[in-house]
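Chain naming follows the written order as A, B, C and D, and within any one chain the residues start at number 1.
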Amino acid sequence: MRPPTEIKYGLPAAAEVAGMTGREILQAIIDGKLPQAPISQTMSFWITEVGDGFAAFEGQPGGHLLNPMGSVHGGWVLTLIDSAGGCAGHSLLPVGVGYTTIETKANFARPITEDSARVRAEARVVAQGRQIISAEAKVLSSDGKVLAHGTSTIMTLGNTK
Amino acid sequence: MRPPTEIKYGLPAAAEVAGMTGREILQAIIDGKLPQAPISQTMSFWITEVGDGFAAFEGQPGGHLLNPMGSVHGGWVLTLIDSAGGCAGHSLLPVGVGYTTIETKANFARPITEDSARVRAEARVVAQGRQIISAEAKVLSSDGKVLAHGTSTIMTLGNTK
Amino acid sequence: MRPPTEIKYGLPAAAEVAGMTGREILQAIIDGKLPQAPISQTMSFWITEVGDGFAAFEGQPGGHLLNPMGSVHGGWVLTLIDSAGGCAGHSLLPVGVGYTTIETKANFARPITEDSARVRAEARVVAQGRQIISAEAKVLSSDGKVLAHGTSTIMTLGNTK
Amino acid sequence: MRPPTEIKYGLPAAAEVAGMTGREILQAIIDGKLPQAPISQTMSFWITEVGDGFAAFEGQPGGHLLNPMGSVHGGWVLTLIDSAGGCAGHSLLPVGVGYTTIETKANFARPITEDSARVRAEARVVAQGRQIISAEAKVLSSDGKVLAHGTSTIMTLGNTK
């Protein structure tokens, strides 16, 4: 696990990802050959693993994420689930096929505090149709407890037949 | 609409909100008597209106919110919906009653870009039971188009009879 | 409101709906020129109104719908929401365009009993994209209370450009 | 797997379930000592297995379940997911504790036809709080393909401390 201070953030140029599959793009981000997205810097989370129909992220809770009640905002967890679910689907897409997320839904099981240890979000594709892919995601505490879980649905764009 | 540069961010002390209803707490945040939450600074959104079973937020898209594909991350929209839905429910709670969000689910209808104008998220309570409150929220563009919509479910905590 | 005993149930022949828009098909079912679906007989509900991006159903609770705890099964309410949401979307589709439902999600607000009066489910399209349409639905008691509410997401099939 | 013709349907008397845990009640239904619910007869599905935080159902597609487009209505799948998710949670409840389902959400992955073989719905509890339990469910074809998947959230009632 690389410390987040070493991570580069930004957007890849179109030419940098041309000819790459979804999984190759995500692996290049993990390997530091492509930048993590700007939102990852803002919200202190980053992709750490990708497989076929699988993606994992880590996130670092902190004071910048607190809601008015003093715990980490549910929106942070929703962002992790939306990211992991979308990337799990993206990992299955061939060269030249993009996607858009149609909807995301999640349950909050346990509170996260400013001082909580790093969390892990992992998502797996459950069903893949011609255009629609759905993935289930879990956000886990450092000791493996389920903090939240949810589902994202994506639609592929372009080059579908 | 106050410019976001004038907004104070932070957490209220427990003594500051003692004896206040949910709606009074939220109105005090809007009036600048209590700070907006830290997440609001991080993700550039803030509460602007509260009523009985109603809450509205504004959010400012920007480069710090972009996903790897270069558009505003769905997690930002989910955070707005989760915030507006939770606060719509909170507005109905009497003194001494808190809440936790059980789940949030949302559909993404239109993309938001770095350069999009400020968006408005508004939520209304649809059903209120003894412990469970559900609210529907919409995120609207500056010209009133639905960018996303969703539902949050909260459970009240403490002082329920 | 026609009594359900007068309703015909079955499936239309393909030739019967050829050349009709979604709204025309649904209006023909309401008018009794086409049959209500078989599931409508099994679960005692039927479509009663259609507009542009709008559909309403009525449902008759009864002993055949009870769950093990003796109240009407949540699946009945989910079926009403799924039906109303799908038909609200269908009402916007031109001749020759079909649809499939991608996902449905709903909150249960109040219990329904065997002896509850007829309920009304109404759905309105909230967002319509090139292929994706989402609609919000409410199930209302005879005195207008919200019994449940939810959202369905459909994808259009065929003849899309 | 017992043929559905041998199944008794109805509601247990309160005295019949007094002193039984949730799991014991569900096992008694599976064993035929208590009846399957009336909705099970109407919609041709029945509970077949229960464990700690686990429940499985079987369902028999048929002509009585068809939507206007001639395939099995999504409401049937939603009912299976709602049932399996609720019973997975119920299996964890001690004597004298009931529950109500707060919300259910599901994705449809593959169509089911009138002639499809029996399907299996299985649900597992993912998170259990003091009052809230959430369970993920999958509906599987006879050859193990995911037909649909979803999540139910229940709230316990009575005797909670």
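Here, contacts are C-beta pairs under 8 Å (C-beta built on N, C-alpha and C of every residue); 3 or more make two chains touch, one makes a residue touch a chain.
Please read all numbers here as calculations on a predicted model, not as lab measurements.
Between chain B and chain D, the least number of touch steps comes to 1. Across the assembly, the mean Cα position most removed from that of chain B is the one of D. With centres taken as mean Cα positions, chain B sits 23 Å from chain A. Centre-to-centre spacing of chain B and chain C amounts to 31 Å, using the average Cα coordinate of each chain.
Once the centre of each chain is set as its mean CA position, chain A and chain C turn out to be 35 Å apart.
For chain D, the set of residues touching two or more other chains reads 102-103, 105, 107, 132, 134, 153. Those residues of chain A that touch chain D in the complex are listed here as 105, 107, 109-110, 126-127, 129, 132, 134, 136, 138, 146, 149-151, 153. Per the touch definition, chain C reaches chain D in the complex via residues 11-12, 25, 29, 36-39, 41-43, 63-70, 73-76, 78-80, 82-83, 86, 98, 100-108, 111. Residues 102-103, 105, 131-132, 134, 153, 155 of chain D touch chain B in their complex.
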